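A, B, C and D are the chain letters, set down in written order, and residue numbers restart from 1 in every chain.
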Amino acid sequence: MLELRGITKKYGEFTANDQIDFSLVKQEIHAIVGENGAGKTTLMRMLYGMEEPTSGDIFVHDKKRKIQSPNDAIGLGIGMVHQHFMLFPSFTIAENVVFHHEPRKKWRYDRKKANQEVEQLAKKFGMEINPNQKISDAPVGVQQRVEILKVLYQGAEIIILDEPTAVLTPLEVKDLLNSLRELVKMGKSIILITHKLNEVMEVADRITVLRDGKVSGSLKKEATDTEELSRLMVGRELQKKQLPKVTSGKAVLDVNQVYVNDSKNKAAVENISVQVHQGEIVGVAGVSGNGQSELIQAITGLVKTSAGKIRINDHDVTNHSVRQIRDRGLSHIPEDRYLWGAAKSASILDNLIMTDYRKSPLAQRGILNKGKIHSYVNNSIKRFDVKASSINTSAQYLSGGNLQKLIAAREIQKDTPLLLAAEPTRGVDIGAMEFIHEQIIEKRNNGDAVLLISSELSEILALSDRVLVMFEGKIVGEFDRENVSEEKLSLLMAGGTYE
Amino acid sequence: MSKMKGHISNIIQPVFAIFVGLAVGTIAILLAGESVFLTYREMWEGAFGSLYFLSNTLERSIPIILAGLGVAFAFRAGFFNLGAEGQLVMGAVTTAIVTVYLPFQGFLNLVISIGAGMLIAGLLSFFAGWMEQKFQINLLISTLLLNYIAVLFAGYLVSEPFRDTTSSGGVAHSVMVEDASKLPKLLTGMNVHYGFVLAIIITILLAFIIKRTTFGYEVRMLGQNMFFAQYGGINRKKVMFISMLISGMLAGLAGSVEVMGMHYRFIEGALTTPQFAWTGLMAALLANSNPVGTAIIAIFLAALDTGALGVERNTDVPNAISDIIQAVLILFISAKFTMAFIKSKRKRGAK
Amino acid sequence: MSSLFDLSLIDSTLRMMAPLLLAGLGGAICARVGIFNVGLDGLMLMGAFIGVAANAFTNNIWLSILIAVVGTLIFSLLFGYMVIHLQANMIVTGIAINFLSIGATTFALRTIFDVQGAYYNNEMVGLPTWRIPVIDDIPLLGNLLSGQSPVVYLGILITIAMYIFLKKSVLGSHFDAVGINPVAAKSQGIKIKKIQYQAVIISGILCALGGVQLSLGQVTMFSENMTGGRGFIALVATMLGQSNPIGVFLSSSLFGFTEAISIRFQGLNIPTNFTLMLPYVITILAMFIFKDRTQLNAMKNSQGSSR
Amino acid sequence: GTESEDESSNGENDEGNAENSESKEEAKSVAVVLTDQIGVNPFFQQIADGAKQAAEETGLEINVIESSDTTETKQNLEVAVAEGYDLILTATFDAVDPLTTVAEANPDRDFAIIDAIVDLPNVKSAEFKEYEASFLLGAAAGLATETDTVGIIPAQDIALLDKYIVGFQEGVAHVNENAEVLVNYVGSFEDPAKAKEIALQQNSNGADFIAAAAAVSDLGVFEAAAEAGFYTSGQDIDRTVEDPEHVVLSQLKNTDVVAYDFVKEYGNGEFSTGVQSFGLAEDGVGLTYVTAESESPLNDFIGQDTIDQVIEIKDQIISGEIEVKNPLEQ
């Protein structure tokens, strides 16, 4: 169907893709894996006409093609679901799906027909959506489906998905992977980019591994396993981590019967109580959108609680300011690194000193100490292995994984008694994930308390001493490390009951 | 390497802009049937031809620099203050009234009356900030509308309660400032006054605050991503109020020093006709809200004004031509010419 | 006091709002595609001048309007080119466009007509006033609504047309899309620049009509800087109306109405400067009622979440 | 220090001015520094024309310099001093502060100002008694009105324009006790569209005569008159020529005469400083048909009867029988 020969892409001196050969046959799922910055997205952007290769050829249906714009790609039956959603929040689902291919009556937009067509299309591929819903009101999982429907609506035969599962909950992932299988059955061919090797092993027929812009392996699924794939991606063996037993001490965080309202003044968190002790990692599992965000924001002081008490080290911090709470000893890896966690246009340096800029030795009497700040920042990036050309480049030029390491560095190295880690490894490659996990465990081993909130079950299972499950703003289950399992969690997260 | 490239394009761009601006001006001058060379020479002479003309240029730049710094400061914190004009006028009228009614004259009078002007102007800008914070009133609209209200209110003050009744004058104006309380000239016989020194000091101070203080850091981060700033414990409300206050105070100072150092009274229209506030706004935007850059561009824009005066005096070229040249220069400086090529390539690559 | 509300008030309101409405709609269409057009005042002034100049030479009002529209359109392309192609700062460009048109019209006034200050000519025929057949016969309403310049009616029609265009047409939804998320629009093969140019051109046309209504509708002359900052009020109408044609219509009506009534307030014993303030004060008060709730979301979007 | 600086820089740079400085030794030179662009008000044009004519007749060099704000006016005055002009003529209140400073700093130079007073030994000032002419205009309006309602539309609510408004009101009251005078300000000197709107509004409230006193904005009032069919008047120069059907009177202010006189005196070596007042008696102000002929025929709305009565009032003012006070001094 599709073949790439010797594709090379250079950005100035830097080679993002180096002599890549790749092929896609009909009705297969071909996965591309690789670390952050390995060049996966760049390769796909060339296929989709958003970039032009420096050299190399693209063949579609055995004909050499020049793809110069997304329109060309769509014309050739290539559709792409981008790593970052390409949606219009104030448009309805149907409007997003049919965008630029709208059914019309002369110049008029036939919205009725659009709704019908989208509904039918969704039905055909077994996806459940309400075409009239606004994107801004739709959960992420639905938004993801909209992206796929969009591509299908355009009649794409070749569908590229760039990290489609990064923000999905386990159930949503399961749904998505099922849909992908369905699509293949119906004759589509799929290129799937992901960091998650278990997904790869579940659905892919073939796998291409990229490392540093080069193909480091191209394999059939049957002929490989996750260990081999990781090795090809990272270039070394990954270690299995274990949680050494630590005797937990007194409660550092005490959330007591807390209620929080959301922006529409509906109760988002109801009567939640959590305690996190010294030397303990408490994981909160749950499908995102079940009140975790509000809980995080209440603990960190970003929103007000409507009832209940929050204590840190026996100090009442309920409804205190963010600064007061942080000064009590909280550090916080936020769930959304671009919204909360960083200022994209600010330098790496400015991003790194956010939580400490007022304190000695970085500042004295309101004046920033340039020298101290420089050595502090340089140490942090070295210790946390943030890859950046200079500490003055702006954060937007860091890949997601590197930025996440930067945020983790800022929050973890502060040596606070309490860390609130929300989705600490979302969309990050296994190398970076392993690193961040190690840092979190080390913090726990030092006797600090960690509240981990994640929609990634494997992460919860790997790190937590204790697991709570949140559903519709309430805690619906609690497990010790010893008797927790993925099945139990999945069930509770989906609103089921477990005896 | 890329830094070098940056520096070169930083220089090429204004040079290119000036070249294009002058070329367009040439067409206009030819249309008016005048000597191009003579016109441009007069323009240069009028702006920098002698110490006297240089002093005029610097004098004119004072309110532009200060108003520009005001805009720049709020902008750094992420707030677009379009109200510099109203704040400038309120500062000026307050200063002009206070200086006359204070029971003593001299340096202290000068300081207090300028301080009062800054305070009132700061409060005006603060008010817009407060409305945005408390009632989500769009800052762009409110500051724009407050300009009209402030200008009319100042006009009312000097045409009714605080009118100068001693002179038979026409345009509404306040009573003349006493000699002892005037802001002195830098050089005798020259128009430039100590306001210029003040403007330069404030430029440097502001650059220092923004770059090297924790408050400056808070301002910058709030301006770049307010959610990140809040997450980091920065109090948006506080930083906003302070930066809007400072922004307004600087615009007010622009008006106050113009009163105490140049006109020696508040004359209706004398501060709005020359478009100080809008020119200052442009300086701030062209300089990306960098204080030193704002000051430099403000002086350049002032030079265009005083240069035009030279053209007007010594040639038959209509005054409007200099407006045209000025506008064209600004247009082309704001364009990212040399960058455009690099950028357009990069843009396609970036997400 | 009896003269505060009289029949001519609505008449007056319609006349005064028309230029604001047209330019405000021009601002709105730009805002829709993500362009903040501060140059409305300059574009309007340009339209006002070209209209009068063309009328002086052609003695044909309709041809003059056409020439004004085309001329202003070309001028607006300068704004478009700077902002869209050269990525110049929109606000700086807008202000520079305003300065440029003041300079250019003054200069042209002097070189073309050899006058300064104002050009007028008794022979010049401005826009006619139209009596609308049916409405005209209704006793009260006829007095109020009929007998305006065609541009006033056109303004109302354009409001409706733009509303339909944005809400009902495919192209209209593309305009919106470009404003909401240009990257996404581009990824779907939309030519963003083309759409932005279209919006700028439309705003040039609308501003030209607004200017023509001022210089050939309200009066029949051109005077230097005759827009007197109306473009900025139009900008306020754009923002207050949240770039929705109906909203722009309502906010420019509010402004036209308060301005008309503020003249009448001068009869009362209030200092004139305060009555002159009225439109601005009322507009600020109106903002307490019509809040722009989309702001925070827009800010969130611009920061772009990781997903 | 300033002057020498400038003179030296001047000497070395400028061929255009070299000829100028040469001629300085023979012919004397006059600079007319205006505070605004000539186009804003016919008033400035008149001054420039009057001065030019006198200069031509007496063989003086002359240069007219426009400014656009107070600061520019001051700088232009200073440059005019530095460039060695012998007489520097300026005008309007806007020039008072700048001229005071510059004239004080250059006591050996001659200055003149029209339409404002600067009380210095080296300055000659001319002030106008516009209120006397306004009184006549008001009287004419009061006599002619059929609705007993007249209007006046000044540019801005500023003291200067009281000279026009108060005189007008008093004039109306003098002849017609029942007449109401509507006063509405435009808020700007250059907004004809709004002026027109206001005029239409006054007309719909019954005014059949509306005096325009708003510079460029007057044109809007004239148009309203033509459209709605009421009568109006202009300012400064004879504006009846523009539309004799509707612009039926014009209040005159002979700045050209004064500028001409000042320059001529200077050319003839008869220049003396001090304040001169120009009222009806001095022929500095006036009203068409009453104190001066007009190209356009008298409109029937006014009628010769009214004119005759107003001429009588004029004589009474000149003789002191009727005293019109300066509203700014009340």
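One rule holds for everything that comes next: contacts are C-beta pairs under 8 Å (C-beta built on N, C-alpha and C of every residue); 3 or more make two chains touch, one makes a residue touch a chain.
In UniProt terms, the chains line up like this: A = Nucleoside ABC transporter ATP-binding protein; B = Nucleoside ABC transporter membrane protein; C = Simple sugar transport system permease protein.
This one's a predicted model, so the numbers in the text were calculated from it and none came from an experiment.
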(message) I want to compare two interfaces, B-C and A-C. Which one has more contacting C-beta pairs?
(response) B-C
(message) Can you tell me which chain lies farthest from chain C, using the average of the Cα atoms as each chain's centre?
(response) A
(request) Averaged over CA atoms, how far is the centre of chain B from the centre of chain C? Could you give it in whole Å? (result) 28
(message) I'd like the Å distance between the centres of chain A and chain C, where a centre is the mean of that chain's Cα atoms.
(response) 46
(request) Mind checking the centre-to-centre distance between chain A and chain D? Centres are C-alpha means, answer in whole Å. (result) 75
(request) Report the inter-chain centroid distance for chain B and chain D in whole angstrom, where each centroid is the mean of the CA atoms. (result) 34
(request) Name the residues of chain A that each touch 2 or more other chains. (result) 50, 84, 339, 344
(request) For chain B, write out the residues touching at least two other chains, lowest number first. (result) 159, 225, 227, 319, 351
(message) Residues of chain C that contact two or more other chains, please.
(response) 106, 110, 183, 271, 273, 276, 300, 303
(request) Identify every two-chain combination in which the chains touch. (result) A-B, A-C, B-C, B-D, C-D
(message) Per the contact definition, I'd like the list of chain D residues that touch chain C in the complex.
(response) 37-42, 45, 156-157, 182-185, 187-188, 190-194, 196-198, 200-201, 204-205, 216, 219-220, 223, 242-243
(message) Residue numbers of chain B touching chain A in their complex, please.
(response) 212-217, 220-221, 224-225, 227-235, 348-349, 351
(message) Quick check: in the complex, which residue numbers of chain A touch chain B?
(response) 11, 50-51, 84, 300, 302, 321-323, 326, 332, 334, 339-346, 350, 353-355, 357-358, 363, 366-368, 370
(request) Would you mind writing out the residues of chain D in touch with chain B in their complex? (result) 1-3, 5-6, 9, 13-14, 16-17, 37, 63, 65-72, 74-76, 78-79, 82, 92-94, 96-97, 105, 116-117, 127, 157-161, 326, 328-329
(request) Mind listing the chain C positions that touch chain A in their complex? (result) 168-174, 176-177, 180-181, 183-190, 297, 300-301, 303-307
